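Provided herewith is a single structure, encoded as C-alpha cells, for subsequent inquiry.
Note that the chains take the letters A, B, C and D in the order they are written out, and that residue 1 is the start of every chain.
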Amino acid sequence: MGEVILTMKGIDKSFPGVHALDHVDLEVRRGEVHALMGENGAGKSTLMKVLTGIYTKDEGTITFEGKEVEFHNTREAQDAGIVIVHQELNMLGHLTVAQNIFFGREFKKGIGIDDRKMNEEAAKLFERLNIDIDPTTTMSDLTVGKQQMCEIAKAISHEAKVIIFDEPSAALTEAEIEELFKIIRDLRAQNLGIIYISHRMDEIKVITDRVTVMRDGAYVGTLITEDCTKNDIINMMVGRVIYEDPKTHSMVPEGAPVVLKVENLNAGKMVQNVSFELHKGEILGFSGLMGAGRTETARAIFGADPKQSGDIYMNGEKVTINTPQDAVNHGIGYLSEDRKRFGIVVQKSVAENTTLATLKEYLSGIFINKRKEEKVAQEFVDSLATKTPGVDQLVVNLSGGNQQKVVIAKWLCRNSDVLIFDEPTRGIDVGAKNEIYKLMNKLAAEGKAIIMISSEMTEILRMSDRIVVMCEGKITGELDIAEATQENIMNLATREIS
Amino acid sequence: MANQNTAVAAKKKSSLDKLGGQKFIVILVIIALFLFFSVMSANFRKYTTIVSILDYSYYIVLMSIGVTFPLITGGVDLSIGTGLICYSLVGGYLISFHNFPVWGGMLVTVLFGVAIGLVNGTLVAVMDIPPFLVTLCTCMITRGLGAIIVGGFGITWPTATQPGGWFRNIFKISIDARTKIPIGIVWVLILVAVMSFVLNHTKIGRYTIGIGSNKEAARLSGVNVKFYHIMAYVISGLFAGLAAIAYSAVFATVQPGTGAGFELEAIGGAIIGGVSASGGAGSVTGSLLGVFVICLLKTGLPFIGLQANWQQIITGLVLIGAVLIDVIKKRREVH
Amino acid sequence: MEALKNNPFVKKVGLNRILLVCVLIVMYVLFALFSPTFLSYSRILSILNYACFLGFLSLGVTFVIATGGIDFSIGPVMFCCALISGYCLMSYGVPMVPVMLISILVGLCFGIFNGYLVAYWSIPPFIVSMASMNISKGLASVFTKTQSVSWPQSTSEQGWYRYLVKVGNIPVGLFIFLGIAIICAIILNKTKIGRYILCLGSNMEAVRLSGVNVKKWQMTAYIICGTLVGIAAIFFVSAYTTVQPGYGDQYNNEAIAGCVMGGTSMAGGLASVSGTVIGVFIIALLQEGILALGMNKNYQLIITGIIVIAAVYFDVLGRRRKN
Amino acid sequence: MKKRFFAVVLGAVMAVSALGVVASAEEVTANGDYTFEIIVKSYQSSYWQAAVKGIDSEKEKLGVTANSNGPNAESDIADQVNMLNDAIAKKPDGIGLAACDQEAVLDSLQAAKDAGIPVVLFDSGVPDAPEGSVYSLIATDNYGAGATAAENLYEALKDKIAAAEAPVRIGEVNQEATSESITGRGLGFIDKFAELATADGKSVAVVGNEYYVNNCADAGDEASADIIIEVAVPAQTTVELCATEASNIMNKEDLIGIFGSNQVAAEGILTANGNLGILGSDPETSVLAAGFDAGATIKAAVTDGTMFGAVTQSPLAMGITTVDVLTKIANGEEVEDVPTEGYWYNAETIDDESIAPNLYD
C-alpha cells in the first residue's frame, strides 16, 4: 500500500425525503483494493455517484492526488483518472468490443476512424489484463461476463488512477471471477487505487486489503481485511439490532393449509430446482443478495417469464400458469420491485390503477361503472391510508409509498389468495414503510398467503414467519423465524468460493 | 458448479449470419427475381432494359442511402420523397427562369436538401419532437413549398441537346442513339462505398449507431449526442438533394405535387436490406440491395404481363416478409 | 396564469382543449374578417363535408395512436373500402345497405390484418402501415380493374345514402359524426376496451402483469380503427361520390395531424376524442379558409405542418416541465 | 385592334379565330365590375397553368376580376368539390369550371343553380349536370383529339402497314384508366386507327388494359389481326412507371408506332427511348411516336424529329374564351357551347403562328 490518493471527507447528500449520505468518510491508497460494504441501500452507490460527478454533494470535500476536486460529470472524473465499472452495463450492443471501449474518443486516421489501431490497442489492453476476447466481436454476441470484462478494459483504457468496481462479480461465473481477481491483483501491482463494492463476503477476504462498511447512509468504520473475520464485517453491516417489533415466532396457526406449492421450478440460470410451500396466513420471506434469483423465481411463478419445467399447485391442485393471466385467474398477485415499469400505469388515476386487474367486476353492461370503481378505490384509499387528494389523481403525482399502496389495492381488489411482494418498501420512506408492514401483517392475519422478497435484513426479520434464502438461483436454506438471525441468513446468502 | 452452465462461450452464430445474414438472403432474392424475369420475358433480358431499371432506381437508391442514417438512430425521415421534388423544382426553376448555370442549380438543389435536413434534425434532436411527426410535417411543408416557389408549373431541367444538357450525361453516357453506358451506377456505387465508410469508419457513423443502440450510454460517454443526431438527418437531406439531381437528370419534367410515396420505397428498401426498424443495426450496402428488390419488382412485373397493380400487393408482402425474418430471429435468440 | 390553471372549469375541461377551441374560434374570426363571404351557411356545410369523413379517419387513428402505435394506411384503405363496395354496388348490383356493410367489412379486415401483425407477430406498426398501404392500393386497383368508381347520384334510386352527409341544408353528417365521436369517447373513457387500450399504451408491461391479455386489446385498437375507416369511406362517397384507385395518401397526414393536434400523444397512453374532433375541425376550417382567402392548397399544407409541429412542441415542453 | 394585345395573347386569339374556335370575332366588353371564380383541374400542371395564364391576360384586358384556383392534382376530387363550394359561397357573377370528375360536382352545380350563379364548363363536360345550371360548355373533344393523333400516325404508317407481311404492333401508353379526358383520348386513338385500317382492308385487335379493350369499338381477335394495338396503363401515374410500361412495349420487334395520351405518358415514351433509341420520323427505319400536350421536352423531341408529332389542345385560348363567355353571360348576352379541338403539330408546323402559342413549356 502506498500513499493516499483519494480522500472523501464528511460527504453529505439528501434527496427529497431521504438522507442518503450522512457525513461519510472514505480513504483510498495507491496499490490497495478497498472494499466498500453495506446492505442494499446503505448508500454505497450514492457515494460512488457523488465521487464520479453524477450527483453533486451537499457537503464535504473530495481530495484527489492532494488537490481538492469537484467533478460535474463522469467525463471530468474520467479525465482526472477516476473511472467506474458499472453494475448495469452501459454497452452499445451493435458495435464491436473495441468500438465500445473507445466510444467517444476514437483514434483518427485522416477523416476516418482508425479501427485497426483501436483493435490493436484493445488487444493490448486485453493482453495486459490477460483476457481472451477478440476485439472485433460484436458486443451483443458476448456473454454478460465477457461484457463485464470489456467494461473493465474500457475503464482501464482511461489511464485510470482509481477504479471503482460496482458489484463486478454479480453476473460472473466461477472462472470469470478468478480471471477478474487476477486482473485486479495486476492493477493493484500497477499502483492503482481500487474501490471494490461487493456483497460476497468471501471475495472480500480474498481480494481486498481494507474494508469500509456503511450502514443506512452513514460511515460505520474501516478495517484491515487480514485482521478481521467475516463475522466482524457482518456485525458491522447489520449492526443495528433494534428494530420495531420483530417477529420472534411464526404467527401462522398450526396446521394451516398449504396454499401454494412449487416443485422443481426451473427458469433460466437464475431459477434452478426451486421448491417450497406457502401456507395460508403466512408471510414467507425470500432473502438473498442481489441477483440471487428471487425476482426471477417470482416472475416465473407468476407466468411473466417462460419457465422450462416445474409444477405449481394451488390449494393442492396442480395448475398451469403460462401467462400472468393464468396466474391472476388462479388468485396470485405480483407486486413488482420496479413499480414504475411493471406495477403502475403512471399516467392513469388512482382509481383506474386500482381496478386494472379486476375491471370485469366494475362493468355495468358494457360501461365501466365509474361510481362503483371510485367508491371501491376510495375504500382502499381509506383502508390503506393512501395519501392522495382524490381517487382521480394521476398516480404519477403520488409518492413512492402511496404508489405502492395503489398497487397493493389493485391486488386486494382482485382478492388474490397469494400475494408476491417484491421489495415492497424499496424507495419508500420510513413512515410509509411501517404502514406497509402493518398492512401486510393485517393481510396475513386475514388469511392471505404472502411471499415477500426483500434485500433488507431488518425487513425480513421483522416480517417473515419463515425465511427462504436463495443464492445463485438456488434455495440454500429455509429458516423458521425463531431460529433466524442476521448472521445465519447472511451465511446462507453468501457463497463460499470453492 | 451450477454456474458453469452459464459459462457458455460467445453465442453461437447461425450459419446464416456467417454468410452475411439478411443481406445474403436479399442477394439470393435479387438473383432469383432477375433470373425469373429473364426466363419469363425475352425483352427483360435486353441490355437496354437493364439500363432502364438502373435509370429508374438511382433516385430511390440515393434516398435510401441517406435515410439509412435516421433509421439507424431509431428515427425515420418521411420528408425525402416530397422533398426530392421540391429541391428539384427549385433548382430547375433557378436554371430555367433565373439564368442560373446548371451547376449552380444543382448546388442549390443539394443545399436546399441539407437545409431541410437541418430543420428536421434540430426539431428531432434539440426539441425532442418525435421523428415521425417532424418529418410528416416537413413532408407536407416541402410539398407545398416547392409548388409555391415555382408558381405551380412543371419544371424541365435542360434537355440533353440544350445548353447545360451535359448534366444528363452524369448518369448516362450516350455513345449513339442506341448505345448508352449507365455510368450512374458507378457514381452510386462510389457513394455507397463512401457512405459505408462514413457509417462504419467515421465518428458520424459510429455515433449514429451509438444513438440508435443506446442513446443514454452514448451520452454518458461524453459524445455530443444532439449534434450527431442532427447530422443523421442532414445526411438524409443531403442525399435527398442528390436524389433530386438524379431524378431531374433521368426524367423529363418535374411536376409539383408529386413525390409522396418515393420515401416509402426508399425506406422499404432499407428495411428489406436489414436496417432494424428499432434502430442500431443496418448497412448502406444492405439498403442498396433492398432497393434493388423493390425496383426489380416494380420494373419487372410489367414485363411478365402481370397486371401492374399486383406489384403493389407483392411489394407489401415482401416488406412484411423481410421484417418477419428479423422478428423470428430475435425470438429465437430470446429463447 | 396559475389562477387560470386552477380554475375548476379549466381543470375539468383541460387547458389544452380550451386553447384549441380558442384557436378554432380565432381562426374562424380571422377568416371571416379577411373574407366577407366566409360567414355564409353554405360554407359551413362545405367545411362539414370535409370534416365528416376526415373525422372518422382521425377518430380511428386516435385509438391506434393511443396504444403507442401508428397507422398511416388509413387514407388508401378508406379508398379501398369505397372502391370495393362501390364496385359491388355499380357492377354487381348489390343493394345499398349490404354495400355499406361491405365497406365497413373491408375496413375491418384491414384492421384485423394490421392489428394481428402488430400485436401477435410483433412487426413494428410503421412497417405494417407501409405494407397495408401498398396492399390496399393494389387490391383496390385489381378489384376495380383500375377504374374509378362513381357512386350513384342523389336523384337516383339508390341515392338516399347521400342523405348521410346532408339532407337539404341540414348537416346530418355532422350529427352522425358527433354521435359516433361520442360513442368513441365512451368506448375510450368508459369501457373496458378503452381503459385497456389507454393503459397498455402507457405501460404495456404493467398491464400484462396485471393479468390482462394485452395482445388482444392492442389488436382491438386496430380493429376499431379499421371499422371507422370503413365508415369514413361511406361518408367520403356520400360527400364526393367518386373515388379513384391508387390514391388517398394525403388524408393520412391530415387525419394524423388532426389527432395529434388534439392532444393525443404519439408516445401512447394519452388520447382525447374531443381533442381529435376539435383538431379535425381546425384542419377542415383551415382548408376552407385558405380557399376563401384565394390561396391554393399548398399554403394549407405548409400551415398545417407548422401548426402540428407547434402543437406537439408545446406538449413536449409541458411534459419536460413536469419532469 | 389586335395590335393592342400582348404578343402571346395575340397569337392565341389568332389561332383561335383562325380555327373558328370563338364563335364570332366580335369584341367582348365588360359592362360592369364583374367577379368570376374559375377552377381548373389541377393547379400544378403546365397545361392548366397555361389556361390560368390565358384567364389572367384576358381578365386584365376586360377589366374584370377572375380568381383561379385548383386542387394539387387531378385526382384530388374532394378538394375540387370544396373549391367549387367555396366559389359558390363567394357569390361571384359566374363560375368557370374544369371538373375533375363528372359525378362529384353534380350537387355543387345544383347549388350554384339554386344560388343563381351561372356556370361555364371548360375542358370537360358534365353530361348529367342539372338542367339550366351550365350556360356554356367550352369543351375539348378529347375523343376527337385522340382521333387526330390516329389520323396523322396512320397516314405516315399507311404504306408500311400495307406492305407488312407479318402483323404489326401499335402501342398506346395511358397514364390511367379513370379520368374522362385520358380515356377519351385513348379510345379516340384506338377507334380511329382501327377505322382507318379496316377501311384499308386490315384487321385490328386491341390488347392490354382491360378498360380500353372492353370499351373500344371492336377489340378484334389477336390471333388473326394484321394490326395489334397494345394499351398499357401503369400501376401509378408516376413517370418512371409510364416509362417502364413504354419500354416493355417498345422492346417488341413488331412495333411500328406508339402513342402517349398526355404529357406524362408521352414523356415516359421519350424517357424509355433514351435507352432504346428506336424512335424517329422515318417510318421505314424507326418507330413513330405520337405525343400529347406540350412541355419543353416534348417540344424539343418534336423539333429534332425523335417524336413524329403530337396533339396539343389550346389551354391558353380556352382560358381566354372562358373569361369572354363568362363576361358575356354577366352582360346578359346569349351564349352557346364553344367546341375546341386538338391540333396536330410536327417538326414542320411547330413554329407556325397557329400552333406555337398553344405550346407551353
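To be clear about the criterion, contacts are C-beta pairs under 8 Å (C-beta built on N, C-alpha and C of every residue); 3 or more make two chains touch, one makes a residue touch a chain.
These numbers were taken from a predicted model, which means no experiment stands behind them.
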*From chain B, how many touching-chain steps at minimum until you land on chain D?*
1
*Which chains are shared contacts of chain B and chain C?*
A, D
*asked:* So, comparing C-alpha centroids, which chain is the farthest one from chain B?
replied: A
*More contacting C-beta pairs: A-C or C-D?*
C-D
_Geometric centre distance via CA averages, chain D-chain C, whole Å_ = 36
*At what distance in angstrom does the C-alpha mean of chain B lie from that of chain A?*
45
*At what distance in angstrom does the C-alpha mean of chain D lie from that of chain A?*
76
*asked:* Where in chain C do residues touch at least two different other chains?
replied: 137-138, 141, 146, 245, 250, 296-298
*What parts of chain B, by residue number, touch at least two of the other chains?*
143, 147, 152, 261, 308-309, 311-312
*Touching two or more other chains - residue numbers and ranges from chain D*: 43, 72, 233, 235-236
*asked:* Please classify the inter-chain touch graph. Allowed labels: line, ring, star, complete, other.
replied: other
*Pairs of chains satisfying the touch condition*: A-B, A-C, B-C, B-D, C-D
*Spell out the part of chain A that touches chain B in their complex, as residue ranges.*
73-75, 78, 90-95, 99, 103-106, 111-113, 115, 137, 141-143, 145-146, 173-176, 269, 272, 306, 472-474, 498
_Complex contacts: residues of chain A adjacent to chain C_ = 302, 304, 323-325, 327-329, 334, 336, 341-348, 352, 356-357, 359-360, 363, 366-368, 370, 410, 414
_Sites on chain D touched by chain C in the complex_ = 43, 67, 69-72, 75-79, 81-83, 85-86, 88-91, 101-104, 106-107, 111, 115, 128, 176-179, 209-211, 233, 235-237
*For chain C, which residues are in contact with chain A within the complex?*
186, 190-192, 195-196, 198-199, 202-203, 205-213, 269-270
*Hey, which residues of chain B end up touching chain D in the complex?*
43, 46, 48-49, 51-52, 55-56, 96, 143, 147, 151-154, 156, 159, 161-162, 172, 176-180, 250-253, 255-258, 261, 298-299, 302-303, 308-309, 311-312
